[in-house]
Structure formats: C-alpha cells, structure tokens
Amino acid sequence: MLDICNLHAYYGKSHVLHGVDLHVEPGEIVSLLGRNGAGRSTLVKAAMGQVSATGTVKLKGREILGLKAYQIAHQGLGYVPENRDVFPTLTVEQNLVLGQKNAGASGRWSLDDMYRMFPRLQERRAVAAGVLSGGEQQMLTLCRTLMGDPDLIMIDEPTEGLAPKIVALVADYLTALRERGISVLLVEQKLAIAMEISQRVYVMGHGAIVFEGTPAALRADAAVRKEWLEV
Amino acid sequence: MKALELVDVRKSFGKSEIIRGANLGIEQGERCAVIGPNGAGKSTLFNLISGRFPLSSGEIRLNGQRISGRKPYQINRLGLSRSFQISNLFVNLSVYENLRCAVLWSLGYKYSFWHRLAKLRDAHERAEQVLEEIGLQRQRNVAAGVLTYAEQRALEIGITIAGGADVILLDEPTAGMSRSESDAAVELIRKVTVGKTLVMVEHDMSVVFGLADKIAVLVYGEVIACDTPDRIRGNAAVQAAYLGGHEEAA
Amino acid sequence: MKELRYTPLNLGRWLLWGGYALILLIAPLVFSKGGGLTLLSQMGTVMIFGLSYNMLLGQGGMLSFGHAVYSGLGAFFAIHAMNMAGAGQLPIPTSLIPLVGGLAGLGFGLLFGYVTTRKAGTTFAMITLGLVELVFASSLMFPGFFGGEGGVTTNRVIGGAVLGITYGPQIQVYYLIAFWLFVCTAAVYAYTQTPLGRIINAVRDNPERVEFIGYDTQWVRYLVVILSSFFAGIAGGLSAINFEIVSAENVSAIRSGSILLFTFIGGIGFFFGPLLGAIVGILFSVLLSDYTPAWQLYLGLFFVLLVRYAPGGMGSLIMLLLRAARFGHFGRIGKPLGWVCLAVLPGLAGFVAGVEMLYHLTLEAANGSVKQLFGMAVDTRSALPWSLAGGLLLASIVAWRKAQPVFADAWSASCAEIAVQTRSAR
Amino acid sequence: ETVKIAFIDPLSGPFAPVGQNQLKSFQLIADMATKGKWAGEHKIEVNGFDNKGSPQESLTQLKAVIDQGYRYITQGNGSGVGLALLDAVNKHNERNPGKEIVYLNYAAIDPDMTNSKCSFWHFRFDANSDMKMEALTSYMAPDKNIKSVYIIGQNYAFGQAVSRAAKEYLARKRPDIKIAGDDLHPIGQVKDFSPYIAKIKASGADSVITGNWGADLALLVRAAKDADLKANFYTYYGITTGVPTAMGAAGAEHTKIIGNWMINNESFAGKEVVEAFKAKYNDDYYAAQTHSIITMLSQAIKAAKTPDPVKVAFALEGMKAQSLNGGVMMQKQDHQLQQPLYIGTWTKVNGKDVKYDQENTGYGWRMDKKIDAYVAGQPTSCQMKRPG
Amino acid sequence: MEFTLFTMLNGISYGLLLFMLSSGLTLIFSMMGVLNFAHASFYMLGAYIAYTISSVVGFWPALVLAPVAVGLLGALVERYGLRPLHKFGHIPELLFTFGLSFLIVELVQLIWGRAAVQYAIPKQLDGPLFTLFSTSFPAYRAFMMLVALAMLGAIWLVLTRTRVGLVIQAALTHPEAAEALGHNVPRIFMWVFGGGCALAGLAGVIGGNAFVTEPAMAATVGSIIFVVVVVGGMGSLAGAFAASLLIGIMQTTAVALDYSLAHLLGKLGLAVTPATPAYALLNVTIAQSSAILPYLLLVLILIFRPKGLMGTRE
C-alpha cells in the first residue's frame, strides 16, 4: 500500500529525517511510536507533500513524492493532521462536505455514517467548527478525512484531548476501518491503544526507525521501550 | 469564604444550552480537577468564569465578590488567572518579554509610559523567577512562536501564574505531552501553585489523580459529582458517563 | 560575541545617539547645493510623521488609512497660531509652534481615537478610512478655518530676531526641524521601552490574551493613538513652518496613504524603518519628480517590487546584511552580491532609458523626437536607442541568471551557518 | 539673453491634460516670439514645473525655480494655488531685494488677486470671474426668454464666488429673473448628476449657470441630456481640455461659454496659431492668454530695454497691445488686463461660422457675441504698493 | 410626483451602479479576505480595453471580451504578485494592490494618453427608454441596472451552487489542511481573484461610456466602493447589495433636501446670523453634505454594528 524508502526530510536547512524506511500493507494498522520531537509528524507530512523531502514514497506502487498535496490526496492518501485544523468559520457539516474531493462524489462513507460514528457531531452539525470543544474538533478532523474516501489514512495523534471513553471508541473505529479494507498509519503517544489495535509497530528516534515488529515483540523488548519510549 | 463559587450558572449559544445550571464551590488553597466527556462544557465553564463569555444566568463569586458580568481584565485584576487549551502566547515577543508583560499590571505599572522597563527591577526579578520555575531560562530570548510544543505549554502556564493571581484556571495543561513531559508538567504545576487555588480541566487520568484534591465531573453542562478522587473513581455514574472502563487506558 | 555582550551597553547607546545627532548637524553642510536644504527639511518632518505612524502600524498592528488627520489638523492649528502670533494676539515664538501642532494632534487623538480604537484589525482600518474622507470633505466645506482649496498661508518670521534667529532663511528652519526630530526620535524610542510600549506589542500579537493579564486592549490602543497623534501633530506643525502654507491635502487620504507607503518602504518591523522610508519616499516624490515625468511609475514599481520581494521593507534588507556582517560572513557574500548588483545595473539603465523614451514619445514628441538621456541626445524615433536599451536589459537578464544562483547559494549557506551558530550560543 | 519663464501647473495626475495643453500653448507662442524677434534679440523660453495641483507643492516648485535662476513664473490652474504663489512671491521679493520674481497669471481668476490681495508683482491676463459674470449677465439680460435661472457649482471658493456674483448681477440687471435654485456639490466626488438634474427640472429653470470644470461639467451636461432637460448651460470652462470629448454631442446647442477668445470668432483671428498648434501637437489651442502674455512681455522688455523683472513690471503697467482677441490693456491700478470677451455656443461644425471643431468631436464653439472690454470692467479696491 | 418618482428611480439605479462597481470587490474580499485596492483600477482597465475593442469590432463583442481580458490580467496578478505574499498576511497583500493601482494609472496614461477618450454609448442603447411626464429615463441606465442584477445572480449562483466559496474560506485559515483534502487551493484563489477583476472590468465596460473614460476615473470611485463593501458587512454579498441601494437612495434623496441646521433652529424660533457660533456648520444643507453621507454612515455603522449590515465577521 504505502512504501517509504530512504526518506530524508528537511525544514529549510535543518535535516529532520535521516533515511526512513517504512511500509504499510493493505488492510493493516501500523503504529508509529516515539518521543516528542522524534520526527513522526514530519514523516507523515513528508508523505503528504507538505515537507520537502528526498527518497521514495510509493502509494499503491506509484511514486508520489514530489507531487502536490492535493494530487496526493487524489491518489487515495488521507491525512489527519495533529493540531486539529478544522475550518473554524465553516459549520461542522460544511467541514465534512469539504472532505469530499469532488462535489457530491459518493465514496465508501456518507455523512450519515459519520454521524452514526460520532452522534455528538450530528448534534452540532450546524455550528461553526471553530467553537467546538477540543474533543469534538478531533472527531471532526477524522471524519472529514474519511469523507474523502482514502485507501490509506495517516492519523496523527487522534486520541489527543479525548475523554477516555471516546478514546476507546476511536480504537474500535480504527479497527472497523481496517475491516472495510482501509489501511491505517497511526501516529500515537498512548502506547496502550497502539499496542492493542496494531498489527505492526515502528518506533522512531532522532529521525530514524529504531524498532520494527509486532506489538508483542515491542512489549518484550524492554531496552527499546526504555531507551526510545521512556515508559 | 469560598475562593470560587458558581451558583446555578447557565449559558446558551443561540438555542442550545451548553451549561445547564452548574453549581460548584472551591475552597481556598484547594486543587480541583474538572473532568467530563468531550463537549460537556468544561472549557466553556472556564470561559464564563474568566469573563470571556457573558453568562446567560446565574452568578459567579470570587472570594465572595460577584464577578459575573465583568470584563476579563477586571476579573484578572481581582486575582484570577487562566491558561488556554490551545496555546495563546505573544508569538513575536521573546519568552522573557512574554513573562514580563504578564507581571506588569500586578506590579502596578498599568499603562505607564513614564517608567523605563529596563529600570523596573521588581518586574525583571519576577519574570526571571517564573522563567526559572518553568525551566525556560535557556530560551529566554527566543520568540515564543518558535518554541516547541511542550515549551509553549510551559510558557502558557508561566504567563498564567506570573501575575501572582491566587486563583488559577488551567485548561488541559498537559495536552499533547508525552508521559515523561506530562509528569514534569505535573511537578511544575504543583510547585507553582503552592498556596493557591487551582482549577484545571484534564483528560489524562494520571494527571488528575496525581494532582487533584477534589474532582468535579461535568456532564452535559451539569456538575453530576464533586468529591475526593477515590470516591469519584468508585462512582458508577462517572464510570458510565466518562471513564467507560478505560480509565487506565493511558 | 562574548566580548560584545560584556561591554557596557551604554557606550554603544551614546555612540549611536551621538552619531545620529552629528548626522543631523552636518547633513545640511554636505547637501547644501540646490534644493538640498528644502529636501532635508521635508525629510525631517516626514520622519517624525513616520515614527508616529509606526507607533500604530509597526508596534501596535493598527493599520490606519487616516493618520494624516492628526498631522493635518495639527498643522492647521499651528498655522493659525502662527498667524495669531504674527498679529500679536498670541505670545508664542516660532520655535514652540510645533508644540501647538502636537497638542492639537493630541486633542483630536483624544476625540477621534476614542471612536476608532473601539475596534481593531480591518474594522479599525476602515473606520480610519471613513474618518479621513469625512475630515477631508468637511475641510473643503468650511473655508473659514481651512482656507478652502488654497489653504491657509502664514509668515514664519514673527517679530525680530532672537539670538539672530528669524526663521527666514531655510537653514534655520532646517535646524529647528532637526532639533525637533532628534527630540521626537528620542521620545518615541523611550516610549517603546516603557510598559505601555511593550503591552501594545503584546496587543498586536495577541489581543485576546492581553485581556487575561489585566489589560483593557481598547484602552491600550486608545492611549497609543493619543500619543501617536501628538507626534503626528508635531510633524504637522513643523511642516506648517517649513512651507508657510497648510491646505486641505494635509488631511487627505492621499497624504495618509503616502505615509503608509513610506513607512512600509522603510520597514515597519524596525524602529529606524520610518526614518529610512522618509528619506527614500521624499527622494522619489520630490527629487525624482523634478527629473522625470515617470516618477510615479518608478515609485509604484519600486514599492510593488519591495512588497513582493522584501515585505519587511528596506530595513529588513539592511538588517540581514548587517547580521551577515556581524557573523563575519560579509566577505563571503559580499562578492557575489557585488556581482548581482553589477548584473542589475545595465538592466536598470536600459529600463530607465526605455521608460524615459516612452514618456518622451507620448508626452513631448511634438517638440522633436530628440531627448537628453544620461547626458546624451538620443533620437527616440530611431531604432538604435531602443535596441540599445533592449540590449542592456537582455544583457542584464543573462548576467542575472549567472550571478543570482551563486549569490543565493552563498546567502543560504551563510544563513544556515548563522542559524547553527546562534543555536549553539543558546 | 534668454528670458526664462517657469510654468508652474499640474503636469501629472488628473489635471495634467489641461496643464500639458497650456504649457504647449506657451511654448508654441514663445517659439513664435523668438523667431519673430518680438522682444528684439531676447529669446523667450517657457519650461514646465509640475505642482501636482497642490498649493504646497507649488511653493516647493517655486523655491526650486528660484534656485535655478528663473525671474518670471506663470500659473493658471486654480486660484488656491495662485493665492499661495502670490503670497510666496511677495514674501520672497521682500526678503530678497534685487532678486525679484514676477508672477504672470494666465488663468487664476479669483477677483481678490486684483483687489484686496493685489500686488505689484502680479499681473493677470485672464478676465477675473466677476468680469466674466458681468459680461455673461449683460448678455443674458436682454434675452426675455430667460425667466428662471438655476446656479450650480462645486463647493469651494470659486464655485461659491460664481454663485454669489451671479445672484448679485442678475438682481441688478434683471430683477424679474427668478433664481430657481442654488446648489453646491462636492468637487470631483459626484458620479451621478441625475438627482441634481431632477432638482433643476423640478425647479422649472430655463437656464443654468455653472462654474464647474472637468468631469464635473461634462457629467452634468450629459445627465441633462439623458433626462431631456432643455435648459441652456452657461459655463466658464466648457472649452478646457477633456470636456469637449466627454461632453460630445450631449451638449450641442445647449452649452454656452463665456471666455476671452474662441477660434470661430468674427474674423477667425488667431487661426494660424490654431493650425500651427494642431499640426505640431494634434491638439487644440484655446488659451489665448498665453498669446497676450508673451506679446506684452516682449513689448515690455523692448520698452524697458532689459529683461530685468522690476523694470519690465513697471513697463507693463498701463501697457496697450494687440492680442488674438483684439486690443487689450494692462490696467495700472490693479494689474488686471482689460480685454474683450466672447460668448459662444457648442455647435456642430458647419464650415461657415463654425469652421474649427475641438478635440476632433465634430463640434466647435460658435460665436454668439463679442463683448467689449468696458462692459465687463469692474471697480477695484486695490491699494497697490510699488517698490522704490 | 414626477420629482419623487425620478428621485427614487435615480436612487435605485445609482445604487445598482454602485453594486456593479463593488460586487467584484465583495467577491474577492469575502472569499479571500484581500482588500483589493486596485479594484477601481481594474474597472478603469475594463473601460479602456472596451474602448479599444469597441472601436475595432463594436460594443457588443467588447462587452464580452474586455471583462475576459481584465479577468485574465487579474489572474496573472494573483498568480505572480499575490500568491507569494499570502504567507505574510493581509497587509502586504493589501499594499501590493495599493502599489499596483499607482502602476495601472501610469500604464493607462502611457497607452491611451492623459486626456479622456471618446468611448461612446452604442447606438442601440442611446436615447430614452421611456418618458414620463416630461422627464425621460435613458435606456442605457436601464441596461446598466439589468447588468447589475445579472451580476448579483451570477455571483449568488457561484457562491451557493458551488463549493468554491467553502474551499476558499477553509483555505484562508488552514491552506495545508484544505490541500490535504484534495483541493487545488492556489488555482481556485487565482480564478476567484480573476473573476472579481473580470466583474470590475465588466463594470468598466458599462460605466466607462456612461460616465467619462479618463485616467482619473479609478480615483473617483476608489473609496466609495470600499464604503459599500464595509457597510454591507465584510464580504456579504447580500449586504453589499443592500448597502449599495441604501447609499444610492440616501445620496440621491439627500440632494433634494435643502435643509440645514439653521433652518431647524429657525423653525424653533432661534435666528441664526453670521455672528452665531458655528455659523458655517449650521448653514450646511443636507444636499451639500450628500457626498460625506456615505462616510458618515461608514463610521457610524462600524461603531454601532461593526459587522456591517449583514456581515458575519468583524
């Protein structure tokens, strides 16, 4: 599905990613773990074409590095940014509608699916997204990206600021996504969730992958956890 | 006399009533955490207390004095200070200047254009002290806008406490931090709020249970429970509405 | 670096201000020819006006389209005061007339500022636009005070000479302006270093948060507008003395727009930006207009290019170079920069020649197709000068293509290194 | 020796076309003077300085031309600028004896300049606005069809002066004429004149007097045509550059002008100038004052045998000369040129009495009446101080 | 009766003209937040280009071609001038257009000269549409009103029937997020700006011959169209429409009112003489102050209702 090879990324002149290799298979949930500042967000941004990078990034076998972000989105890559970039002046529903790439195109997901997933959003559908609570905004960004009908969705810290109950809900929905054949690349801080729902995990440190394996393997590897995850 | 008291506070936006008669009393020197599901109205409650939004009805008292209906700056001058869920800094000013701005009013310099900033020893010392407390001495001359996320959160707290207010409201102070960072943040908060009244919103249960003397649970704009941490943990209604059995998810 | 930090700051400050005073003192000796003195005097008043404007825009984030209201009304009051002094009704020496302007400006700041500062951002900008149009339109309706379209004139020579100073000769007026400029610069600078001066920066960055640290943002903005109007009024008073006439254009949107233009050209992010902007702006609009009818084209083009490629204004360009120099990189970028300038030069000449010939053709062709250009007589109807201009332009483009990448490389390398150096310094 | 005259008027901005036209007029006549040795061996040269239409800028330009050694200046667009220059010239001459400047005013027509504010250093070669109103009302008075007059003007000194004079003179000459209305509108701000036309129409006026110029005049005339208002428009400035084009056919037969010369006069006097101007600049010569100025200046230089401004100024006082519009005389008392004036109507070119059109519109000014100099003469309150 | 009727008619048609002038500005401002100071310059360009085209192939082709040409120019300006400035915020953008307005005037003077050009009303529309009592209503004015209404309809359709408005609003605050959702934001910005300029151009094609096509024409409409946009409410199309009509009718009726404060005081039995304080002020009639009314309205509206008549944001 997604194949990242020897990816180097830069903010201006500062070199943040130093040759990252990572891949996600179809129908797989892969988690990317690491400390703050390890470069996880940079990795997904680079894949989305928002950070200048070199190397190769292949989506469904097609090279996407160097394309514009909107072109990449049209290739079927979805991205949920970490800082809740809801469009504050638009209503919840307008935010969701904008998730569709072409007006009226019906993908795997409809508005109703989204509202069923998070009834809270339906209650707030006509409210400007800017006034939503922190958690509601988080739900909205997730749904908005799903509306674009991506084949692979990269989610940056989706459970940030969510109540514990909703966190559990999100975990369930990610699993449900996978069952519908959508691959997920999950960037997480909360180990427990990632370990629970992922098939494989990567651990990142200082801009490079320092561990790759199953959650079980990670659980077993106390050295990596101590050194790179500080738990 | 309670440090902060909310009596039947209500707030509607248009037709939807978000806060539906919240009652809450916080003793002086108490550390209280407000928890509740997303969209329950926790941030809204903070906005009402700090004067950002006007109340629809009800009354809020700070140290026995009615503050509802006042402007944010008036409430601040009465000794209440708050932080924001999303960092809200003076992005083009240096860290040090951010803090110095925050202490000016409380030291009585107000709108002065006849004092030289550089000559204000007390402002300087207070700013330096806060700088040290939040551990940003090395970044003192860096513009706030280019700090890392965790540093910005720390500065957010720094600005909030710098003015020396004795009632502090913190909105999700550890959001977005890793375990070790949020542990450090808890320590920081504990340190800087000694002897002060603290009210905070948090989703991270380890922070909540680590810091709070009392927990208030807000659901759908009502305080459904307000009690010690242990009793809250055992409260079935809270379990259903909020923790959902995943309390230790983190 | 280290030594720099430990030298007593005061020495540097004294040097800086002393140098500034010295420049003001000797400028008229250096630029004494022709209209040099007139130009310098005008620059001085515009500098004060710019400083006052930047208190709003640069330091307070308040985009005003109507700042000329304060300087203009200040000027009107000043000129009436002068006329009264001349008629013996008001015992005030010419040297203090600027203060009258300043107080009038302050008064209108109190009045209008209350209305305008109730809002910030675009709303503020639009209210000021409305206000300036109102004041301007009214000024033509009340010729009693504003003197109609001809304005109010005066005679700045009031009474006899005091210490040999009559303010008849321009040089005396220049020194009066220079004196006030120095005082105002110092005062405005001092203001930036006060609690109010800092809080207005905070209001610029994040007005919402300021409310939560105890300040009423509306009040902060209001106070700043009042202070700034005071300095604008002083500038107005000085221009009344300098021109001995004040007319409605002094309160117009055009005047307000040009101070915005000049200040931005200088760089709103820097204290000295308005000073720089005043020099460049006056050179363009007064000096250049004597030489070519195309001056508006040049000014417009210069401004547009500056906004497009250096939104920080000329101040930012200078600061960047200074920073490179401070880190000792000037040697490295100096040479490529020189080449780039060299490459641009012929193109500039070619462009100017082309524009001048074009203007000649459209305006003065009937007086003969021959035009004096760079000291040569060229026939604008023949192909040779045109192809020459085109050739210069082309050559410049080719040279630019060669020189620019080299410079860009050197520049970004230097920037990266400076970034590394500063980071390791913290 | 070359006598250099500095022309200080707008050469850029909205008023530039007018300024450019008049500068060219000056230059053409100056060329003729030099070639024809009007001032003997002295050459005459006119150079333009752009005042951008502003009084303040004019003073800056005045300083510049003084620095460059000019001793004569000329200006015409706007009495505001004129008064500022007059004041500055007086001050300069007072502060710098031996370096006097003479101000040759070709079109600033505020009566004050030759009355309360008159100066030895200032000579006006256009008829002032009161003189023009005098002539105009003398022309209107015998016309019994005129029963009701509406006055409209720009809200500034000149517009107000026209309105005041019109009311005063009409009351004197034709007390039966009703002043149907008196409107002042902001200068250069009105885009839609139809409300004013509606008002004029409602007032039932058959004639309109206006001091408007530029687009304000053209738009007024066009709005009248659109609403089918049949009233005649008596204007001061229908002839200035830009107005004929903008007015076009809309103004035909209803727009009249009071001026000091027009080419379609009884003998087409000045047609060689007009033709030469057209050939050289493809533009129309209409500012005949330029001719009066150069003629009289040359004559004065000859008489004084020196181009020294003080002597020339004395020589100009009371001087008589032949200009395009006939015999003219510079009144010694107030330095106001006494000259015949003309009333004309905007008409389609017919090859007979209207031979020359303006701005290639196919329309030109037909002469209705030539008014002798004495008719328009005005008493003056001038108390002139002369040097020495 | 006749007077009142025509005053109303004049007011409405002037209002529609104002709307025509400002609709493009509203469009750009509402969507992109850019206050295009050069809007009036594009209006002028429209008039001049139409003049040139119509002198070759006639008015009707010019009606279509000139706005297209102006729109393309606008798109170019956005692409090479404004786009790189987006990241610096609105002030540099605004200043860029401010500078551009200077340049355009100069260019127009270079190409078409400094005097007015003879851009005439097409034969078909020259003359009265109808005559009521003794006043006629020009056909061209009616045509102008029609076009203004068509503009209103067209913009309304674009705003409500397409997602362009939504995408742009989204991109204003979070351009990266909007792109990540698959929207080609820069291109939409470019065409919106171009579209706004084309509307200005169309206004120029029609206003140029109704009024005078000269280099000063941009400056004379410059500030009034800002008043319309702001009074209507930043970026509200309906608001701009309402504000245009309001200002049009207000100014037109004001012209008919020759009353001053002195009149009022006179009615109250207070005589006003030149000796009365503020005599000049008291004697200004409503008619004389009609030109400042829009600005007064602007200031008052912004103080008491900063959102404007129908705006949603401040």
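Which chain is which? They are A, B, C, D and E, in the order written, and residues in each are numbered from 1.
Heads up, the rule we're going with is that a residue touches a chain if its C-beta (ideal position, glycine included) is under 8 Å from a C-beta of that chain, and two chains touch if they have at least 3 such contacts.
For clarity, every value in this text was computed on a predicted model and none was experimentally measured.
The pair with more inter-chain C-beta contacts, choosing from A-E and C-D, is C-D. For chain C, the chain whose average C-alpha position is most distant is A.
Chain geometry summary: the mean Cα position of chain A and that of chain C are 50 Å apart.
Spacing of chain C relative to chain E, judged by their CA centroids, is 31 angstrom. If you average the Cα atoms of chain A and of chain D, the two centres end up 78 Å apart. Shared interface positions of chain D, i.e. residues touching 2 or more other chains, are given as 20, 155, 186, 189. Looking at chain C, one finds that residues 137, 141, 296 touch two or more other chains.
In chain E, the positions touching at least two other chains are 109, 288, 291-292.
Chain D contributes residues 11-12, 20, 24, 27, 49-50, 52, 54-56, 59-60, 63-64, 67-68, 78-84, 87-88, 91, 95, 155-158, 160, 186-187, 189, 280-282 to its touches with chain C in the complex. Contacts from chain B toward chain A in the complex involve residues 13, 16, 35-44, 85-86, 148-150, 172, 175-181, 203, 205, 241-247, 249-250. The residues of chain E lying in touch with chain D in their complex are 2-3, 6-7, 10-11, 13-14, 17, 109, 114-118, 120, 128, 131, 134-138, 140-141, 211-212, 214-216, 219-221, 224, 251-253, 255-256, 258, 287-288, 290-292. Across the complex, chain C meets chain D through its residues 34-35, 38, 42, 137, 140-141, 143, 148-151, 153, 155, 157, 168, 243-247, 249-250, 286, 289-290, 293, 295-296, 363, 366-367.
By the touch criterion stated above, chain E contacts chain C in their complex at residues 35, 81, 84-85, 88, 90-92, 94-96, 98-100, 102-103, 105-107, 109-110, 113, 223, 226-227, 230, 234, 280-281, 284, 288-289, 291-292, 295-296, 298-299, 302-303, 306, 314.
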